[in-house]
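Next come the structures, one after another.
Each of the next two complexes has chain A plus one other chain: chain B in the first, chain C in the second.
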Partner chain A sequence: MHIADGVLSTQVAAVTSGVTAAVLAYSVKGIKEEEIPRTSLLAGFFFAVSLISIPVGPSTIHPLFAGLLGVILGRRAPLALFVGLLLQAVLFQHGGLTTLGANTLMLSIPALLSHSIYHGMAGRQIILRGALVGGFSVTATVLILIVLLVSTDPAFTEGTFSVINILVVGHLPLVAIEALVTGAALKLIAKAKPEILGVQEAKASANRAR
Partner chain B sequence: MLKHFKTATMMLVVAMFILPATPVLAHLMLIETLEEGKVQVVYDDGTVARRAEVVVYNEQDEEISRGQVDTEGVFEYSPVEAAVIVADDGLGHRAQYVVEEDQHQAALPRGPTIALVLSGFGLIALVFHRRVRGKGS
Partner chain C sequence: MGHNHHHTPEMNNKQSGAAGVQPWEPRTKLVAGIIFVFGVISLHSLWLLGISLVFATIFALWGGLDAGQLLKKLAVLLPFLALMSIPLVLGGGVPPDPERSVLAAQIFMKALTAMTFTIFVFTNQPIEEMLEALEHLKVPAAITTVIYLAYRYGFLFIQEMETTLRALKARLFTPRLHWSALPIYGELAGGLLIKSINRSETVYRAMTARGFRGSVPVGKPRPIENRDLGKAAFPAGFLMVLIIIEQVVL
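Showing the complex of A and B:
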């Protein structure tokens, strides 16, 4: 998500920046050296993939993959998302520095929730859980974005072609795309390198192979 | 190993400071002048912003004109007094244009910049991967 500078009210920008600082502190705390390569590569993946813009209706949408990052990185996801967004804001003016907190937050919360959902459903088919968190993360991100916009200015809800309606309709294809890709990607990872998804997943995979 | 880590950190820090030093005006949304008193609002992938609202301010920061762009993203205003033009599509994209300021500064080349950033992330990953492997053996 790339809310530009000047769109959010000062209060909303300040509160979201504060919350993001806390989330980042949680994300960085106790990070181990062996987690850094994964975090770094996924930050790069997120940076590149969310620069792809797909024109839908009057605006453009872009892939987010907060769900995928959340499942793989767990509590390190906000760190990767923050670094990716920071570079996008500084290099391409996608988003802005005052809204960096809001942009990080609206991806971090879905990412962290995706991690709990995915691992809370251990035993179900991987592709299903992946698709579920892929779709869920986009939906949750759009919901947070709507909350932020409305708390800045309630006028965003007015009219049939209101911003809110456009955002919801515009992101429906993305829900489908991310559900498919996240499901497929996690299935592939679970097959090729199950240790990335954590100990439980690796054990389950070893049992199946036997 | 520590040496590698230092080199990588240095490279990343240098890259982070050099890159933004180049003037960039490539917003996700852009205001382009077609002729005096006529601007077009577009996204950086070339599509037209059809629902943007444009506000024109004078030197004293007072609003002198406001309106929606047409289906081609075009907005016309009286060029007298106009100093700053702000466009907002209400979806989180916003662009600002200062009249009579040279807008033709080079934007960062997209492809090479992305490639550089990705190699930076790759390098960090590689360095730490090696460090961890080195400890394990």
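Showing the complex of A and C:
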């Protein structure tokens, strides 16, 4: 799920880089000193989990965790995703510098929306909310990727075995995987350390404990 | 887990001080790198892309990048490029449409060239110097500090994941895609996060006790000399010439 250098046209790469700069400015604005270690930690987590490979048929896929990062970090998520993607590009050759903006954008938008969805459904079961944002974030990421590829060249859509068809089919299992994994991860976090998920979650957890 | 391309901060630092165009002031190197990679993706002619790939390779090797290391790192890209190229070439049916083959070849060449130069810029330089360069280029301190800390935390996570995986394997857990295994992966991820956040809070308290105020202090930048500008102008200028040739001559 990383777009490599050269895949996107110069125009698409330039526009996405510009939009990402604005999203990054929004993400950094007003950041407090005490938020930096957690944002860095989540960026490091995102950077490291790209190395987990889950076998699917002859290939492997890896979790994205954009939804999980979005729920935990909120508006700081784009900063963490940008840094994680930058490190992946320069150290592990996943992605590229010219597509850093596009890659950040296609994960940041679902992450920011995931935060709103998850916290907007307070009171519902955590595992369900987690599964919803996990599955949603992968679906939204693939949709943004398709828009970027179509904006670059219609050849990506042509034929039964087009790049886009292969992308969609290849990521269908990831929607389910990410839903289950994110749901389980958030359930554990809410139980063991609810303050990570914000004040509301911590209060709900304290009420449940009484 | 990608054992084959793990780096440690120490490994990265070993690359500094090579011959050729080293040492190169990091700000000018970074800016030259960004101009070069964005310039490369704007090219369309396969001939000019071939020339830029040869130039990037020679320049990187002259700059002290090890050929074996470069090939090993570029090899990571090949499966992705193959997966992208095959449906692009054959997606329109057999025999392949020449236009689609050209598009696939363009992507292949652009990706290899841009990544060759990126590897040269970042691998051949201690990461700390690059972060200092970013800060001296007026990138907000919050961003450079997060990059610096994430770089350190990332490798700790990798070690932690490897330890956890070994522990699970010792308990006869086979990492594979099975629905019953997914909640286990989720709890592993959640547990790893909780453990690491606890650790980050301890680290943060230790850092604030030592005077941390939201940014990692950086030294004064090394002055930019004429030779640094010359080194930066060479790849950037070369790419500009290729772009002009494509726009005006071809």
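Just a few scattered comments:
Heads up, the rule we're going with is that the second predicted complex is superposed on the first by the 200 of 210 C-alpha atoms of A that agree within 3 Å, B and C clash if a C-alpha of one lies under 4 Å from a C-alpha of the other, contacts with A are read in each partner's own complex, and residues count from 1 in each chain.
Note that in this section a residue touches a chain if its C-beta (ideal position, glycine included) is under 8 Å from a C-beta of that chain, and two chains touch if they have at least 3 such contacts.
Being a predicted model, the structure only gives us computed values, none of them experimental.
The superposed arrangement places chain B and chain C in clashing positions on chain A. By the touch criterion stated above, A:A4 is placed in contact with chain B and with chain C alike.
Once the two complexes are overlaid on the shared chain, A:L145 sits against chain B while remaining clear of chain C.
Using the contact criterion defined above for the overlaid structures, shared-chain residue A:A122 touches neither chain B nor chain C, since it reaches no partner. In the superposition on chain A, A:V169 makes contact with neither chain B nor chain C. Shared-chain residue A:A22: touches no atom of chain B or chain C. Judged by the number of chain A residues each one touches, C leads among chain B and chain C. In the superposition on chain A, contact of A:H94 is made with both chain B and chain C.
Judged by the touch definition given at the top, the superposed model places A:I36 against both chain B and chain C. Across the options 19-27, 55-63, 73-81 or 235-243, chain C meets chain B in a clash only at 73-81, per the superposition defined above. In the three-chain superposition model, chain A touches both chain B and chain C at residues 2, 4-7, 33-34, 36-38, 40-41, 43-44, 47-48, 51, 53, 55, 59, 87, 90-94, 156, 161, 163, 166. Of all the residues in chain C, the ones that touch chain A in their complex are 1-2, 5-7, 12, 33-34, 37-38, 40-42, 73-74, 76-77, 80-81, 83-84, 87-88, 90-93, 99-100, 103, 106-111, 113-115, 118-119, 121-123, 140, 142-143, 145-158, 161, 175-177, 179, 182-187, 189-194, 196-198, 200-201, 203-204, 207-208, 212-214.
Residues 2, 4-10, 13-14, 24, 28, 31-34, 36-45, 47-49, 51-56, 59, 63, 65, 68, 72, 79-80, 82-84, 86-87, 89-94, 96-98, 153, 155-156, 158-163, 165-166, 173, 177, 180-189, 192-193, 196 of chain A touch chain C in their complex.
Chain B makes touch with chain A in their complex at residues 16, 19-20, 24-29, 43-45, 47, 49-51, 88-96, 108, 110, 113-114, 117-118, 120-122, 124-126, 128-129, 131-132, 135. Against chain B, the residues of chain A that register as touching in their complex are 1-7, 33-34, 36-38, 40-41, 43-44, 47-48, 51, 53, 55, 58-60, 87, 90-94, 145, 149, 156, 161, 163, 166-167.
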